[in-house]
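Submitted below is the structure of interest, expressed as structure tokens.
Letters A, B and C mark the chains as written, and numbering starts fresh at 1 in each.
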Amino acid sequence: MPETLALDSKEIEKKFGYSFAVRKVTLRVRRGEFVVLFGSNGAGKTTFLKMAAGLMRPTRGSLSIEGFDIGKQADEARRRIGFLSHNTFVYKDLSPLENLKFFCRLYGVPDSEERLIDLLDRVGLRGRASEPVRAFSRGLQQRVGIARALLHDPSVILLDEPYTGLDAKAAQTLNGILDEALAAGKTIVLTTHDLDQGLRAATRALILDRGNVVYDGSAKDTAVREAYLRYIQQGNTK
Amino acid sequence: MRSRILGIASLAGIAVALYFALVYAPTEQTMGVLQRVFYFHLPQAILSYVAAFLVGFGSLMYLITRDLKWDRFAYCNAELGVLFTTTTLITGMIWGRLAWNVWWAGDARTNLELILGLLYVGYLMLRVYLPEREKRARLSTVFGFLAVLDVPINYGAIYWWDTQHPKPVLGPRGGGADPDIKMAIYVSLIAFTIVYTWLLTKRLSLARLEDEVGAMESAVEAS
Amino acid sequence: MKPVAAIVFKDIAIEYKNKEAFSSMLLFGLLVVVVFSFAFEGSDRKALAPGMLWVAYSFAGILGLNRSLNMEVDNDCLQGLLLSPVSRGDLYLGKVAGNLIFTVLAELVILPFFIILNNLAFDRILLWIAGITLLGTLGFVAIGTTLSLISAQTRMKEVLLPVLQIPMTFPVILSAVQATSLVMSEDSEGVSFPLSLLGVFSTVYITASYFVFEYIVEE
């Protein structure tokens, strides 16, 4: 019996009116992989990730998460996905605890305060669990976002440029959490501009250029850096 | 070629309709010559509702097929809807003013027509403020579909309101039994339907060209 | 707790903390009522009253819809909702329920002021009026929630909402005004038609919006 892939996209395409943001991307991510996705602005990284998270509807092609089609079995697929972008998706007028309780109810997971306080402790927010998020700095708000993305114990974690606006300490916390998740067998797909930050713990590296996958290989291979230079740093002299 | 035939047919149709309306049909006893504006007013009113149905149909088809041609179909009909609603209201006002000295009858039909016009305008305004092609199609077809559902509900509400506030009878209900009058109405209806079809055909091909240009512009930008 | 209920409680919790929607709706509604009571000084108040009331309700209602939407646009919270396994239709129902609660609450506070300022009578007719308010607001909010999400995605954002909302809710306002007027003139037989029309409107638009909502929020 073939193994279930964490993420299986078949010729996925996204067209906005007349232009293609993502062209026929076929990607197979196995469970436990840590994929880093590089690409210059407009290459299609965010679009691809949003389709994987069920936020955007593909124009063509299919995509499934842990065997659940993101279109036809959307709720099952979304249950297993944790998504983090530079927007935190938390309500400013509520406290971190209230925010997390709300999302627990949406995901149908137990909303016991104990568990949530532990989660907030993991992101370093135990002391401020009951203050309205409005008062937090951006870095702290991002930490609430991280907690929100993980509270339902997703098996696939998608991160869209998560290091944007994070101070060094918060980035370190995030890296710690990702390392733990990887060790626990979760699958991670991360997009970033930062080559070193991206390659730190990744097992596999991809480069997207104008909607196409132009490089796909091991993250430890030095060819990654060469490809990165070619496509991203030099490719944009237009 | 097809639009040229339709164009000629429209011209011919209107000429024939004019003859029927102004010459063939008998002069009405109570209202006199002015009543003849009704021969244009009624078909335009009917077509303004036909346009609404077509907008709703096109919108629904787009949501099912995601083919932009249905979105074009929807909004071209909406533009014709504005046109025919406007002329219906104007001919109605001309008639009302000349016959009973009122610019605005305020009865069920006029109010319904006005609301219909406002819905068309809202739809088109929505499109103006959505620059992205796909989003424009998706959101305006949703609104188009919902707005068209409103038309029968409005009909019920306004006509019932009218029974609560009786007004002077404005215009022949049903056009009277005179076969000549009926004939003139049918001829006029056919003529205006041909005009509508002709305008729709031309507008649709223009819309398709607009989309093709848009596609080419994006292709140039992307490279 | 079911997701729809969770959304409603979340909206209540936020509104309880910042009171933005409720206070702006209340204040605006009261201002409109005050302006009308001066503008129509000396005229036949009783005949004009239902229309005045529902104009005030409509303006306040649109304000409330916009505030409710801004809550989700801030920090892109709507995306957070869309990521969850909750169906798009259920999200819609949650927002409608929340909007209904706040709008009706504001309207029920505006109503006594309206009666006082126009020297109308306080009697058991008020119960009828409250019922009509509830049913009319349901229709208003049912289509308004959908339209607010459409207009929020345009370049004009919430400014476009009244352009779309006012013609669409015309039958609601008309029926509600007529029903109120009949009740105030003690003629309660004719009330069944406008009330059933309000019911039809709400049913049609809640159902239609439930199914169409995913097309509005997907990208």
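Just so we're on the same page, contacts are C-beta pairs under 8 Å (C-beta built on N, C-alpha and C of every residue); 3 or more make two chains touch, one makes a residue touch a chain.
Note that the coordinates shown come from a computational prediction; the quantities given were computed from them, not determined experimentally.
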Contact-pair count is greater, between B-C and A-B, for B-C
Note, CA centroid farthest from chain A's centroid sits on chain B
Separation of the C-alpha centres, chain A versus chain C, in whole Å, is 38
Distance between the CA centroids of chain A and chain B (whole Å) is 50
Averaging C-alpha coordinates per chain, one finds the centres of chain B and chain C separated by a number of Å equal to 31
Touching at least 2 other chains, the residues of chain C are none
Listed in rising order, the residues of chain C that touch chain B in the complex are 143, 146-147, 150-151, 153-156, 160, 163-164, 166-168, 170-171, 174-175, 178, 190, 193-194, 197, 200-201, 204-205, 208-209, 212, 215-216
The chain B residues in contact with chain A across the complex are 132-134, 214-215, 217-219, 221-222
Seen from chain C, its contact residues with chain A in the complex are 1, 3, 6-7, 9-10, 13-14, 17-18, 71, 74-77, 79-87, 218-219
Per the touch rule, the chain A residues reaching chain B in their complex are 15-20, 210
So, in the complex, the side of chain A touching chain C is made of residues 50, 53-57, 74-76, 78-79, 81, 83, 85, 87-94, 98, 102-103, 105-108, 132, 148
